[in-house]
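Two complexes come next, and they have one chain in common, chain A, joined by chain B in the first and chain C in the second.
Up next, the complex of A and B:
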């Protein structure tokens, strides 16, 4: 599994028209390691690693950003919608707490 | 010329007759040629039994499943030659006064039937009721005698030999006294009924489930990701120094294209019918040395990976060999065989003439004749687990009140073969996603 870390799946509708509100589904392969606590509730020191920042850009401009602040789930899934005004690239960048950076892109085309 | 033609006609008649006889012969299941099979499943999937420290016999099953031993009731094992529970006429016991309130509690008790799994009765607390059996909301208006209603619950086969109603009294699921309470309760159910507040309460007007979206989308179905993780296993060399990839060239998507569409099939080397899951459990350790027991995570993930290579292709099992036809006949017999405390057959719930497309409690029953196999293994949203069809069959054994067989049992393989025959020509779509 480990070798797959950062593999991004990006799903958009098969047919998009100009000015449509487009629903995007993204999933990234990531272990999202948990913070573990002992019986007293103290954090057990370990090199935990989870995605804490998701940035979505469209035509070079930021259209959405997510701060997850904690380990949401293994292989986290995000969904959002945006208005497709022009054809161009949609890019999603994930950053984790160990400074790993993973990208997924798709081209928005009108049909 | 005329003579020649009439001879031909006569010959073709004779041929038809012979063919007809041959079909009839294989329709009668022959159990003599079924080999013994040692399960290659993980321990909790073998249908094993154990004795606890206090001397009680309990079943070894998956985590969270009941360990109750249903050993008193017959199973799907070919070696189990016990008959169905005997049909019994019953007389209402004297000296017991029926208590309708107790009867209603028994009717709803999940540890008993629950009767509401198949029958609707009035009440906002009745959820979720099924529609496999008759709606009993106004049964008392039919003015049936207490003795008749008692007999129907005790053993309905006295009146309806082919009923799906379990013989509750014969198997002891309900005591005679409890049945008296149930009768007393049913005799209070009189019309007219108040208007229904929630259309979903009544299984006839309930909204049918719509599914969970695209099952092949990895952002929607976690089982796809699980299968992709198996690509590492495909390439990894096992203890013998060989990997799957060493013999099957071109990656799983190419090497396995169309393979799964021909399974389950009779595999001469093992003298039995095998699904992809069964085959991997013996083939992988033999060739690569990597253990891949049935129901292990590796086996399930690899099975999905292999089956995904056939997605979109029509199911095309070959049942022309004598062995396959014999297996098919046995599989069909299993589908109609009554087992367990409930004395149910698969056919009670899964044919359009019986329960298929009706609700069993809150669950919509699948129709075997419309094809139930081509999306297995499935991601189960309620359990967040991948189940192949064998685990689904094993799960069916629990409400039937029958001990499950091993996941890779020949009995289940041949039942799967029979079920897959209804999927022939329909496109494969693995992994599925179901609740």
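Up next, the complex of A and C:
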């Protein structure tokens, strides 16, 4: 399923009012390779492909950023909150150790 | 009108952009250092340098299962009661799993724009052990909560 790597999904509540604190759930399809060891238990040195940075911006300003290690599950899921002050774009950028960059955006609208 | 001077000016601005473009790469290197194979004591010392840590049981809500059947995917969420103003907000939330060979799971940096100190993630747990949520507030105070999670099948591979 290598072709699915980097698919980003954002889930926001269906109705958002101005100045609400909104909880957002995000997911990216990514293998998050685990460390492999040889028979002696020594780590096999190579560049493991996993996401080490997640950046969330809203209206161009950083809301939260996650520094992650391989202890995060495959197809990582994260959640965070932000205060919806104005309609605009919420953007999530995932970066992995092979310089892969996966982005997901959603427009915040008030109902 | 394009003169030699304007061309040179544009080129030097481009140079600055290229130089700042190097910064994220450096950030990635430090994130790699975040996850090291070490004991929990070494990890705590490296991250917090022996700074005093208070019990955050009244402020931090760590929500995760008591028994994780599959250590590969353990859902977890952390909520901290904080006003999240510029003067008083939660700066970082750390998730640390004591028994994992690489104890540091994730570090979340929050800004007042978050409105609420909340994070969730699916993490891997190698074996039964404590999971800690450590909160660093904007004034530097450290708060910690611990919860033991029983893991039926480990999820960290090697």
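Some points to look at:
The working rule: the second predicted complex is superposed on the first by the 107 of 111 C-alpha atoms of A that agree within 3 Å, B and C clash if a C-alpha of one lies under 4 Å from a C-alpha of the other, contacts with A are read in each partner's own complex, and residues count from 1 in each chain.
Keep in mind that, in the parts below, a contact is a pair of C-beta atoms (placed from the backbone, for glycine too) under 8 Å apart; a residue touches a chain by one contact, two chains touch by 3 or more.
All values derive from a computational prediction rather than experimental measurement.
In the three-chain model built by superposing on chain A, chain B fits alongside chain C with no clash. Once chain A of one complex is fitted onto chain A of the other, the partner contacts of A:77 extend to both chain B and chain C. When both complexes are overlaid on chain A, the residue A:67 reaches chain C alone and has no touch with chain B.
The partner that reaches more residues of chain A, of the two candidates chain B and chain C, is C. Applying the stated contact rule after C-alpha superposition, one finds that A:53 touches chain C and leaves chain B untouched. Residue contacts after overlaying the shared chain place A:9 against chain B, while chain C stays out of touching range.
In the superposition on chain A, contact is made by A:37 with chain C only, not with chain B. Contact with chain B, but none with chain C, is seen for A:29 once the two complexes are overlaid on the shared chain. Taking every C-alpha of chain B against every C-alpha of chain C after the fit on chain A, the minimum distance is 7 Å. Put simply, chain A uses residues 25, 77 to touch chain B in one complex and chain C in the other. Residues of chain A touching chain C in their complex: 21, 23, 25, 34-37, 41, 43, 52-53, 58, 61-74, 76-83, 95, 97.
The residues of chain C lying in touch with chain A in their complex are 24, 27-28, 31-32, 34-35, 37, 72-75, 77, 97, 100-102, 104-111, 113-124, 155-158.
Partner chain B is touched in their complex by these residues of chain A: 1, 3-4, 9, 11, 25-27, 29, 75, 77.
Per the touch definition, chain B reaches chain A in the complex via residues 217-220, 222, 225, 228-229, 232.
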